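In the two assemblies presented below, chain A is common to both, partnered first by chain B and then by chain C.
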Partner chain A sequence: MSTVVTTAPSSRGGLRHVVGSPLTARVLFPFVVIGVWYLIYYTIDSRIFPTPQEVVVFMWEEVTLTSGVRYGSVVSNLYGMFLISIARLTVGFFIALGVGTVVGLAMGLSKSVDAFFHDWVMAILAMPALVWALFLGLAFGFGHEAPVLTVILAGIPFVIINVREGVRNTPKELFDMARAFDVPQNKITRHVLLPSLMPFFFAAIRYAYAIGWKGLVIAEVFGSDRGMGWTIKFWYDAHRAKGVIGYALFFIIFALALEKLVFDRLADRAFKWRPKMSAVELAEGDFGAVAAEGFLVVEDQAGIDATVSKGGNL
Partner chain B sequence: MATTLEEKAPGVRSAEEERLIALRRRDTRRKWFWRIAGYVVVLGVWEFLSGRMLNENLLPGPTRIVETFPQLIESGRFFSSFGATLTRIGVGFGLAFLFGVILGILTQSRWIDGFFKDATTISLVSPGLIWALVGLVIWGFEPQGWIFAIFMTTFALVTVNIAEGIRALPKDLMDMSRAFGVSTARRQREIVIPFLAPFIFTALRFGFSIGWKVTVLTEVFSSNKGIGFEMRVASQLFRMDEFFTWVLSFFVFALFLEKVVLQRYENKFFRWREEVVS
Partner chain C sequence: MAEIKVEDLHKEFGVGEDRVVALEKVNMEVRGHVFVSIVGPSGCGKSTLLNILSGIETPSSGTVTITQDNRDAEPGYVFQAARLLPWRTVMDNLLFVQKDRSDATKDRCQKYLEMVQLGDKGDKYPGELSGGMQQRVGIARAFSIEPDVLFMDEPFSHLDAITARSLRRELHEMWRQTRKTVLFVTHDVGEAVELSNRILVFAKGGKLEDDLQIDLPFPRDPADEDVAVAKAQVLRKFEELDLVAS
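Our next item is the complex of A and B:
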């Protein structure tokens, strides 16, 4: 659903029409935020709270590498830190995807395996990333291990749950028919199992990545000496509010870009062939809520859905 | 009605039914067997790792945690910490929930929906950590700091769930009430809110599951009591047994609230509905 349609203001509607359109409201929002920012600036008694201009200048200096702050080596700028974080995220993400898919398939195919893992998957899902970050930081020191392991632990339950649910939702009749017509096994896998697994797998990727990112920054704050999470903590420790807010904005920009430019596009491309399906009919069992909601996001491009955080780690 | 041909004596099952029941019983037994096996294996591996593979002080085993638990209760900090954290959750998430529900209901207006669209998206995709730090750096240890952090991470979750319900509103009822000139306020009270009730409950449950995590996170940075504070102190003093005991006791408590208490109320309230949506 797209509530914000680019409404061409008709000449008859006039000014009132333009002001009343949802698009105007959406454009208005950032200005209101800046207004509130100034309101806070003038009302609270804080010597470090920056104005929007200061933050923009700070961010610009970070982007163009002209701030003059260099901590040690060449990689210690915005791009270096960002690349380190992305590399950690990607490594952890692929490990989570690999292991999670295997476990998820096994859980979907066998009830015994499902009973074996179920409660522990739920427990890992509900555990805050903060706990992993603090523990792994102590266990492994300030290397790459703690952040990568946190990404894996934060993302893996989403992969397992979604893959499991995908296997369970494969239409049985199609299997039966394929077998009746003597279709070879590899063809069944390719044309029946994989396509029906796809949406769930896609939801798994999306959430594992988003949740992994949230977990990663916490792990970098407590268990690392570099990366984006570490950098925002650096500015916090330095008591530079503009640094903290500036980096917070970098985080938001990154997350939004990832959602809008990568995942929304991928979803459009991956599911063009598919007829619309209602998510409700997929919700079955206690895992169902999570997986079906994840699925719903794929189907319904209403933007980011509730599921992002559903039982997710911060 | 004519007498049926096969009139069964009550209490006597056919062979087919017997077979089905036996099958189901076997399934349940097998399921429980594997479930218990899962617990035994995971706890066993954990107990084995602690002290043998990893230093016992780094990863205390389950038995150590069970032993530490009564010590924490004796220390007297246990209940006050729980109280402090629960108060924060109550205040922070309470405000976010209230605002989220109101905003969700207001998304019926496309203008308001457009206005807050980016706010909800941003709140959903950004890590809770940044709000905790931003709140802290602006307000210091004042309550506004952590309220801001909890609010920013959870309100959108509530809003999105409510908006989901708004989208599913029965259109014919709304159209009819409009055609008969029912006032907006009355329409909200008599159609929208009753229809949204299950969604509000779901929003509460999901919001809580995120809310307690971000609350603990804010306590790590900006508090002198509460679970998050105790976790930080324990990990800094390398008392990992205390660390895990704090974490796990609150973890179990939060899961109990979420999965048992809230879920049960939800089921109880909406059993009359044919399908509980979402």
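Our next item is the complex of A and C:
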């Protein structure tokens, strides 16, 4: 008696499968970066360009407060500077979110409100955060005002546009369904309008946070005497590249951690009704590339104008 | 016993050159435990009629009166696409259209989910169900408010032929058990003949052209000779009214 063993094609070539998988590529990426880093280090032969170890040691000393540098004040270490920046970011972020949501809702619901604000939103969107930072630094000096206002102005157009698009894309057929069944208006608002706005609102939150954070650092470089941005500038002035890179890495690590630990979890809870994606696909929603909700804000003028002619659905 | 009365119903969209007449002076009366199909070519105002009857749209002139024994319930509506809230579970979709969330209401919703064979799917989200299952939920939702009148707007046109056929049978069985008044919009003459006691024929421009009685016993099999003959007669009527080409 003979036994025929058949093998499914997918289980063959296991090694090739592992090598070709997106997960392997992700794991491989940092090693490639470090390799390129060393290559540059040995090629350019610079006295100020650090090795990865030097940066890691620097960061460790900053974290453990053993570097010996205190900039003359007890709040001037890593934690103090981080706290100042986070406080500024938080205040600016929530103001941008609050005001932007109100304006976005009004623009989505009313064509005349939309016409009134449209050009202004575009103008604010077109202005680089750097210009806000310089201008506000000149106007307000080295206090909290310039960084906070930069966060607000950098983030608010994204909130406005996303919320407005959310209102315009509310599902008319679901409102009609609710009306046919004579569902009361407050129940329609809670169960149809608000959930349909959620993906847009989440995109707004991620954008306002990501863009606001970048704006904040620029504002602190040019218009502040403390904070993470100022610290990066401090190490730049001191010609210590390890300080610049180290603090940039702190900045990136914090941003990624907030993205993964807070925003992704909030989104998972809010969108648990969506069909599940694979883990690798989910991981694509990285900091800066805010496509995780499936809605990208329209950044180009043409795209914005194309949606202006569409009437609101409410 | 429910009664639907439509008097001189007129509906227009747009103004000036863009003016389109969707319904023109429609008069009709439907009463009791009947299954009435509304057939006609695209753009004959079939869906507009249902939308006016269910309060989604308002008429340009004329009146509609719906009298139900169960005065608490609005007429139920089954749409072409299921129109479920994707962010609510199947059970919550049924509860969304109820007046309260009492245990008795939940039991009633569960009963109708079981009637459409989805008794164990109450905690699923619509995205986890097939198109046929979603439409079943839509049917259960319409029945769950226990209305005397049900409106249906081509509820099976999005489904594949086999699913549509089995759902058609289930729906008809539910209609027979619950003795409702059904207004059923379709462009499929075969479907209308298989399901209805009465067929209202609409022509382009929203005119009610004919009112046909189909006096054959239920359940009807499309392969039966009587049913096939009836279908042929209705199609001939369509040709007489010059509706086929349009």
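By definition in this document, the second predicted complex is superposed on the first by the 240 of 314 C-alpha atoms of A that agree within 3 Å, B and C clash if a C-alpha of one lies under 4 Å from a C-alpha of the other, contacts with A are read in each partner's own complex, and residues count from 1 in each chain.
The rule we apply is simple: contacts are C-beta pairs under 8 Å (C-beta built on N, C-alpha and C of every residue); 3 or more make two chains touch, one makes a residue touch a chain.
Since the structure is predicted, the reported quantities are computational estimates derived from the model, not experimental observations.
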item: Touching partner for A:Leu174 - first (chain B), second (chain C), both, neither; value: second
item: Comparison of chain B and chain C by chain A residues contacted; value: B
item: Touching partner for A:Phe29 - first (chain B), second (chain C), both, neither; value: first
item: First (chain B), second (chain C), both or neither touched by A:His118; value: first
item: Chain B versus chain C as contact partner of A:Ile245, first or second or both or neither; value: first
item: Contacts of A:Pro195 with chain B and chain C, given as first, second, both or neither; value: second
item: First, second, both or neither for A:Lys187, with chain B first and chain C second; value: second
item: Contact set on chain A toward chain B in their complex; value: 1, 3-4, 20-26, 28-30, 32, 40, 44, 46, 48-49, 111-120, 126-131, 134-135, 138-139, 210, 213-214, 217-218, 221, 229, 232-233, 236, 239, 241, 244-245, 247-248, 251-252, 255-256, 258-259, 280, 283, 289, 293, 302-306, 308-314
item: Residue ranges of chain A touching chain C (in the complex, touch as defined); value: 173-174, 176-183, 187, 191-192, 195, 198, 273-275
item: Footprint of chain A on chain C - complex, ascending; value: 51, 54-56, 74, 76-77, 79, 81, 83, 85-89, 96-97, 125, 127-128, 141, 145, 151
item: Residues of chain B touching chain A in the complex; value: 27, 30-35, 37-39, 41-42, 54, 58-59, 110-122, 124-131, 133-134, 136-140, 153, 157, 160-161, 164, 167, 203, 206, 209-210, 213-214, 216-217, 220, 228, 231-232, 235, 238, 240, 243, 247, 251, 254-255, 258, 275, 277-278
